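A, B, C and D are the chain letters, set down in written order, and residue numbers restart from 1 in every chain.
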Amino acid sequence: MATVVVNVALKPEILDPQGRAVLGALGRLGLTGVADVRQGKQFVLTIDGEVDDAKLAQINEIAATLLSNPVIEDFTVEVRP
Amino acid sequence: MATVVVNVALKPEILDPQGRAVLGALGRLGLTGVADVRQGKQFVLTIDGEVDDAKLAQINEIAATLLSNPVIEDFTVEVRP
Amino acid sequence: MTPRVGVITFPGSLDDKDAARAVRLAGGESVALWHADADLHSVDAVVLPGGFSYGDYLRCGAIAKFAPVMEKLVDAAKGGLPILGICNGFQVLTESHLLPGALTRNDHLHFICRDQKLRIENNTSVWTSEFSIGDEILIPLKNGEGGYVADEKTLDQLEGDGLVIARYLDVNPNGSRRDIAGITNERGNVVGIMPHPEHAVEKLTGPTTDGLGFFTSILKSLVNDGKVSV
Amino acid sequence: MSVDKVSDAIASPDAPQPFAELGLKQDEYESIRKILGRRPTSSELAMYSVMWSEHCSYKSSKVHLRQFGTKVPKNNSMLVGIGENAGVVDIGDGWAVTFKVESHNHPSYVEPYQGAATGIGGIVRDIISMGARPVAVMDPLRFGDPENPDTRRVLTGIVSGIGGYGNCLGLPNIGGEIVFDSSYQGNPLVNALCVGTMKHEDIHLAKATGLGNAVILYGARTGGDGIGGVSVLASETFDADGPAKRPSVQVGDPFMEKLLIECTLEVLHAGLVEGIQDLGGAGISCATSELASNGEGGMHVWLDRVLLRDSTLSPEEILMSESQERMCAVVEPAKIDAFMAVCKKWDVEAVVIGDVNNSGRLTVEWHGEEIVNVPPRSVAHDGPVYERPYARPDWMDVRQASGPENLVRPSNAAEVRQTWLTMTGTPNLASKGWVTSQYDRYVMGNTVLAQPEDSGMIRVDEETGLGVAVSTDCNARFAALDPYLGAQLAFAESYRNVAVSGAVPLAVTNCLNFGSPEDPAVMWQFEQAVTGLADACLEMGTPVTGGNVSFYNQTGDVAIHPTPVIGVLGVIDHVDRRTPMAWNEDGELIYLLGTTRDELAGSEWAHAIHKHLGGMPPGLDLAAEKNLAEILVAGSRDGMLSAAHDVSDGGIAQTLAEMAMRSGIGARVSVQDGIDPFVWLWSESATRAVVVVNRNVEKHFVAMCEAGKFPITKIGVVDSGLISETGGSSQVLVIDNVYGETISLGIEELRSISEETLPRLFG
């Protein structure tokens, strides 16, 4: 069993209304000094067996096509043993 | 400048329709051996200055009340220097 | 033969019956197409209807683009088959890269349902040929992720080539860049639009009947092309 | 941990059992032992405890609700009455309609988004299980003080939940209510109504018949969420200092529900189903025991076949789980394959979990061991029945005696104008557009009327134009002043709203939201409200076809205002002739139907301006109400009405303002002679409507009203050419005869006041 975490975030140049709403709320709750908030998605995949290079390549491909939209989003893939 | 990452995930016993939808799609795309997918949210906060204990406590409080609902979600807070 | 317009149903499609009704009211024959059936049943045009395909949980339209019928549709689009994507259909078209850009969460973060005024900006596409440039129409808009985005270069290109087919008037309801409500590809056969022309085809149930123009446009275009006769 | 088998229960009769923790009283536990002739197994105890909860068994309300069955009006349209998942009425041409309203109050306070979302999900499954296609939803809501910060959390979450679920299901939201009152601060009300349509032959019932038939569980997998959820939740009161207990809430999956709708309708129409039941509160316990109890035989269930999301669940938990988006069907063996094929087409998992037998018992097996063996009726239908004590509380005298007579009233034109502007922006009267624009009202293409019209109207048959209209209403302040009359007034308002749109009122559903039934004062309110509603329905000829009771709506020992939300369904033979609320063009004449008295107790004016609640609610003459409805329907049928709008919260002033804002065209109206202008504008006397007629039918319409001896007064004319004395706005509402003066209100000014309130509070 292995865990693969894919984080997907809007590209920096794309407006993130959810992050902005959180930023506004933080201010109202009295947390000061927050310069920016961005909201992204995190996918946690539980994989049977080992994640070898072939599987990792496949997961990267899926992160690039299914889990994120390259027009607006960036992603990272991280394997946690 | 510091970065604080708050990850919010549905508690394991709570249905995650989003993760389920991704799981179904992975199968159709030929990625086999995925036992489970859970989809969570990731908030990336950019903080001016240092994150001292008081600030961290404040962020934990906000993570527990604003960024997540403890009835259905768990969260983690991580400071990245 | 009456023009046959296919309407694809994905799991979670909601406005498929409405799109079919609009096709019929405009004088065409509607043909139900099923997502899992990799066959377009030789229809003359296709509508990708609104809704929440696969729940839209991941990203609107992201999972639908992998449906068996979509592979056929992408090929057919390249061959010139007229395709109209409405709302979720528009999202499927951008996810499938048949149209540039992407649709993102509304800037105010709410789902919004309102009667929306638009200005028609292009009447060379097969779905807008019955309009005149500058026509102002009022049709329903309802979405949670309708903000059109693309990089500046793409936006400039869309403008420069006259590929914006409709723009929001009075109110930009979702933060779309340059008030873009709908676009077409260069060939003019693939059109995506966020508001819902199929909900404005009967005085009784819609704010106007302005939406009919999209459906009469395609039927006329098909007849003029000699693809079908009436 | 080993499972508690029936044989164990026989072998260890005295083993201690946690019945109290499960919410059962000592005597209830004893009667379970008596029914079984032994102690229950832990699985049986789980089943009885959820099924005998207030939420599932109606143990406190049953004795009163019987009135809806005994006082049934003569009405041939009822096809399926109280007791089934939802009532069904005949609307002609072979069409039938089912509708029902249900509460999801407590879960929505704990987790507003999911609580409200699953509320919509639950009521929709009730409608599908009758064999109907759901065609619309409505959402009567109550919130606490709009200025309290927690109201923002609750309201925004609930509204997004209702929208998130309903929009994704593809059901138009065609109406509802949003009312603020601090009595709901720790206990918001989320009531959800769904309407479904079907042909007569498609009606299905929850019944397990046919020896050897299979019991199929299909839809979402069973998980550990919401165990004890709805039923236990709905039966417990929150502590004064907030939700100390935070029981797990279910998460809804509207996409799965959409698949479930399509899949269910397909198996039903293909004739593959003998009986069908949705899974709501009490999950598998409820579905299997009710199906078996309604059938004539027995049922056996292999519980280990249930598809699970969490493999560690115990049999007790599986029996109690309230996981959403599941259904149960009874299918002939020869049709199982066809049934499974339809499920596969829609990507819905299904499994045979049991079969129908003639044992007369409900038996459940877990990996070869018998863990349940009970008479199904004892679980599903023969639960405890309480005759709870009830008594009119003494404080009612004080409350009813302190009327609004001494409150400071506006007494000149300038004060009236100022009051008008203030009232237009109160949270209760302000535009609800900020909320309702988050709901899809267009999907399905059959919405003829939706918010902010008086009722929602849906076209049922595209060929013939046959349609239905539905409204829900309740002024809980009236019910607080007099629960009997308050329930009748709520019903009358809903009835009127349906008639105003041109439809003939046909049937009633209700959602009775009250405090703790263990409080004799609350129980009295309940008894009074039920009696009032039953009496009114009998007199008006509209049967109650179903409904829902929600008790324990209180914080500490402070109960909410009694809130009997009443839904009325009407039929209209052709939706083309619907009457909209707004006037259209210059020259149309504005009439007031009905009589205005000095009735301001419980009014929005008393509430908003003076925070006052006292006195006696407006009087109600049901015969007159019926007369008014007949006039409104006849006026629509004969094409005499170009618009009509009922007069209720906020009085005539609010009615006129709403018509003007909706239309955008000005009008000149004169206060009736012989009555104080303030009273005329803001009294909330019942049985009134403002109607708009064209000059060419005026004589005819007035004659019709006079023949029916119904009071009618010409009050104004639509006029786009009026000019405001204060300049500015182009279209104005001009009111003459206000303490000898004329006031004018710019329609744009009214609109901006009305539309600004909710976004300011919650945007």
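Operating definition for what follows: a contact is a pair of C-beta atoms (placed from the backbone, for glycine too) under 8 Å apart; a residue touches a chain by one contact, two chains touch by 3 or more.
Just so we're clear, the structure is a prediction, and the values are computed from it rather than from any experiment.
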Contact-pair count is greater, between B-C and B-D, for B-D
Chain A and chain B have mean C-alpha positions lying a whole-number Å distance apart equal to 10
CA centroids of chain B and chain C: separation to the nearest Å works out as 35
Chain centres from averaged Cα atoms put chain A and chain D apart, in whole Å, by 41
Touching at least 2 other chains, the residues of chain B are 17, 21-22, 24-25, 29, 39
Each of the following residues of chain C touches two or more other chains, namely 54-55, 57-58, 63, 66
Flagged in chain D as touching 2+ other chains are 253, 255-256, 347
Among line, ring, star, complete and other, the chain touch graph is other
So, in the complex, the side of chain B touching chain C is made of residues 17-18, 21-22, 24-25, 28-29, 39
Interface with chain B, chain C side, in the complex: residues 54-55, 57-58, 63, 66
Contacts from chain B onto chain A in the complex sit at residues 1, 7, 9, 19, 22, 25-26, 29-31, 33-49, 55, 58-59, 62, 66-67
Residue set of chain A touching chain C in the complex reads 10, 13-15, 17-18, 21, 66-67, 69, 71-72
Counting only contacts in the complex, chain C reaches chain D at residues 11-12, 14-15, 17-18, 21, 50-52, 54-57, 110-114, 140, 142, 144, 196, 198-199, 201-202, 204-206
